[in-house]
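Several structures are given next for inspection.
The same subunit A turns up in both complexes below, where it pairs with subunit B and then with subunit C.
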Partner chain A sequence: MGEEKGFDVFKRMATYDKRWIYVLLFILVLAPLLSPIGMPISVSDWTKDYYDKVNALKEGDIVLDSWDMEYSGYMELKPGVLASHRMFIEKGVKLCITLNHPEGLAIPAEVFGPLKSVMDQYDYTYGDDYIILGYVLPNEAAVASMATDFHGAVSVDWNGESIAGTFLDNIKDGGDFVMVASYTTGIVSGAIIRHFGQTFGIPIVRNAIGVMISAQTAYLDAGVIDALLGSTRGGAELEYLIHAPGPGLKSMDAFTLGHYMLIIFIIIGNIGHLGWKKRAEYRESTGIR
Partner chain B sequence: MIEMFEFTTIVVGIFISFCMFMTLYGKPNPLRSWAEFSYLACATAVSVVVALWYIYRTAILGIQGGDLILIASLILGAMMLFRMHPEYSYVSRIPLAFTVGVGLALSLRTIIFTDFLAQISGTIVGLWTGIPLDFVYGATIAVSVITMLTFFLYTTEITGPLHWSARLGEYLLYIGFGAIFAQTFMGRLGLFVGYMGQCTTPTWKIPYTLVSAIVCLILAVIFDKTGLGEKLSAT
Partner chain C sequence: MSWFFRNRSVNLIVLVVSFLLVFLPYFFNVPGLYWFSGKLMTIAAVTTAFAIVVAVYSQYRRSFRIINARRKGWPFHVYLLLLMLVTLFFGLAFGTNCVGYRWLLMAVVTPLSSVIYGILAFYMASAGARAFRARSLNAVLLLVAGFIVLFYQAPLTGAVFPAIIPVATYLNNTFAMAVSRVFAISVCVGATVLGVRMLTGRELSFLGFVEEE
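Right after this comes the complex of A and B.
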């Protein structure tokens, strides 16, 4: 680019300090969280399908509840996880919960804490209605092992208490689960599909983080998974469908403003880049600085 | 009423998070180094403890229950530790090869269906189902797949209609990359919004969040302007 004199608005648009974007993003995210605007959202067909699949579960159905996420990923999936588990509890579904990342051990308190009133209301208790197996699915081999011989792979829960005598006695292999609910940042998400969905034909519903949606869409279109909640947005839509506003709906204003900001900065950057380039070419061709 | 321990954990957590965010300032910052190393140390410690607990629950209890084949897995696991010894690190190749082989065998058994055959059958869809929008989707899939495949033809000279098909495929790929980028942004924004939601709920956390953000930003500027950041930061 040629050397130029004076103030060049295009150059400024193309080369502004990117740290201003972070400051602006921080303000745009925090402001609506502190003072929600209440922008409208629509509910996608994906979320309706997910809702229908979970809503079709019957009392006493045993679901493999795969928490395939680390703590940071939970921040994105939290609305979907909370709304889904509210549905599970209200429907009396029995949950066999696996934590697939060491950090995942901090998540149960984050999920069942806010849902305590619902659990008390429906008399939903640990041992009778849900069991947390802990960190048991770290890799493909562990998933395959659990799918083929459940009690051979797991004999105790996350506290070291025996799971014998619980509702998990009814589970011999992966085919005995009615559904797999997978909340995933991608740790063993493929293995869950391969060893539960593909081998036993168990329906899989999934809440995936944003960066995984493109890959998961291919699975959804091909019928490999049965329903997909997309990132926080999907969780917010589910909250709306079950009439239980939570962190998802609260964060949608911040989401919307953040997306508008990105679009505006993309437009500014491109106009700046093209304008600056054109002027530089002009300066080069005319020799005028 | 929140307990003192929980209160301290949350407030320190919020402050450490903002120290970590100071990496966005783009200059060396000792607070960021401190936060980063603290996180690494804690995460490693948690992983080690959880992994040991996992070994106890799945292997030790299994052996006590009479499943003696698990002794072999413990031996293989122990052999993996030789990786840290320069002279005997070759020993770790055996369990490593075993792990890779088992993983591949287990995944390949079904991956051909989920990632190959199911994707092909999912691509071959009826164009007209009676719903105009479905026709648009079906036609988009058909055109995109054919043109993108021609873009990846490397063994023949791309001329004539093939050239235009490849060119169209290339532009469709750009559109796909754009969609992936948008979803990535949405995902990363989701992490940030989710965490900020965590930092502002319940409302008593809000002052600590705002103060942490402002203090960390001021300190980052001071470290930058005085040159202290360079001196005090770990590399």
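Right after this comes the complex of A and C.
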């Protein structure tokens, strides 16, 4: 665009310093987290379906609980993971938990710590009701191996204790699970579908991070996965449905304000861009600087 | 004996046989084959785990080079090697449930991992805000669709302005899903083609055989 003299408001709007975005985003995320506003949210049909699928589980059903996330990804999925596990505990569902990333070893304490009061209330204990297998599903070969011959692939839990004599004796292969609950950032999410969903027809419910949603939507639409909880927002909606406010609902004010801020910056940028372009064209045609 | 393992045909035969052992049980119920296929996959999973040894070795070699040459950021490599060494020590000597290993995980890995993920929000917001410019008709269409979806994604919008939900859902269920499917199908077709090329010996670079010019 042509040379111009003096202060040009449109140019300023089109080329604003990105640090303004950083500062405002920081303030808009932090402020509602410190002092929640409590804005209303809508609950999507996806979350209602997810709730219905998990709610239909019966006491004693064994679910493969695939924690397919590193610690950073857990930060995004935390509301959905906590709300879902609250439901599992309240319904007496037995969980076979796999950690699919080395950082996953830090997550169990983060999940079962906040849910301790619920676990005590429902007498939900390690060994009888849930078992953590540890870092056992790092890649597709491991998923295929577990789905084909469960006890051939895994014989001890993450403490090195034998899993013989536990509820996992009832599992011979992937077809013996009632459901797969997958909390995923995409490490073996495809392999879970191929070796549990496609091979045995096991229903899969999934909580995926935001960038995976568009790809997972196609799977959901085709019936490859049975229910999808979208990122933190889906988790917040689930918290709302089960009447257990947690980190998700707490973060929704920040989500709303962050999105609106982004929209405002896009509008400012576009007004600036168009105005600057028009002025540049005017200057070119008239020769006036 | 090394000529045997370096032989192109021998490698190709092992590849084809392994493929058939895993592939056929999906279509034919041959007694014993399903069990053997499972064992083979377990062996593959365990063998893959050994790759971590190679990864640790490679990282040490690379970091030592950078430290020796005092290249930019070399102190970070000292920090990296030190933490790797301490983590390896605790993990191998006392197991992953010992206090030292857990402390490293909770005090070093998890905060750093969370921070890196959190910082992405700033970059994505900045990139999104500055990239969405109505420079052409295509960009205008993208801008309008992006606006609707962004508004819908804000949790408050659906609650106070429900009319936006079907519009955003339409955009997601048609344009976005069509593109997702194209991408997924392209990946599958590409993987199939690559598999066929590997099985027919036309693509063996993954086994260490470099194509002759």
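Definition applied: the second predicted complex is superposed on the first by the 289 of 289 C-alpha atoms of A that agree within 3 Å, B and C clash if a C-alpha of one lies under 4 Å from a C-alpha of the other, contacts with A are read in each partner's own complex, and residues count from 1 in each chain.
Here is the rule we use: contacts are C-beta pairs under 8 Å (C-beta built on N, C-alpha and C of every residue); 3 or more make two chains touch, one makes a residue touch a chain.
Treat the numbers as computed from the prediction; the structure is a model and nothing was measured.
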Quiz prompt | Which superposed partner A:Tyr260 touches (first subunit B, second subunit C, both, neither) | solution = second
Quiz item: Is A:Ala236 in contact with subunit B, with subunit C, with both, or with neither (first, second, both, neither)?
Solution: second
Self-check item: First (subunit B), second (subunit C), both or neither touched by A:Ile41
Solution: second
Quiz item: First (subunit B), second (subunit C), both or neither: which does A:Pro247 touch?
Solution: first
Quiz item: Given the touch rule stated above, what does A:Phe200 touch, subunit B (first), subunit C (second), both, or neither?
Solution: neither
Quiz item: Can A:Ala191 be said to touch subunit B (first), subunit C (second), both, or neither?
Solution: first
Quiz prompt | First (subunit B), second (subunit C), both or neither touched by A:Glu76 | solution = both
Exercise. Report for A:Pro138: first if it touches subunit B alone, second if subunit C alone, otherwise both or neither.
Key: both
Quiz item: Which holds for A:Ala218: it touches subunit B only (first), subunit C only (second), both, or neither?
Solution: both
Quiz item: Residue overlap on subunit A between the subunit B contact set and the subunit C contact set?
Solution: 22, 25-26, 29, 72-73, 75-76, 103, 105, 134, 138-139, 141-142, 144, 152-153, 160, 199, 214, 218, 221, 233, 255, 258-259, 262
Quiz item: Mind pulling up the subunit A residues that touch subunit B in the complex?
Solution: 19, 22, 25-26, 29-30, 33-34, 72-76, 78, 102-103, 105, 134-136, 138-142, 144, 152-156, 160, 190-191, 193-195, 197-199, 209-214, 218-219, 221-224, 231-233, 247, 250-251, 254-255, 258-259, 262
Exercise. Please give the residue numbers of subunit C that touch subunit A in the complex, ascending.
Key: 22, 26, 34-35, 37-39, 41-42, 44-45, 48-49, 95-97, 102, 105-106, 109-110, 113-114, 116-118, 121-122, 125-126, 128-130, 132-135, 143, 146-147, 150-151, 153-160, 162, 165, 172-173, 176-177, 179-181, 183-184
Practice problem: Please name which positions on subunit B make contact with subunit A in the complex. | Solution: 24-26, 43, 46-47, 50-51, 53-54, 57-58, 61-62, 65, 67, 99, 102-103, 106-107, 109-111, 113-114, 118-119, 121-122, 176, 179-180, 183-198, 200-201, 206, 209, 213
Quiz item: What residues on subunit A touch subunit C, complex-wise?
Solution: 18, 21-22, 25-26, 29, 39-42, 44, 70-73, 75-76, 103, 105-106, 134, 138-139, 141-142, 144-145, 148-149, 152-153, 158-160, 199, 214-215, 217-218, 221, 233, 236, 252, 255-256, 258-263, 265-266, 269-270, 273-274
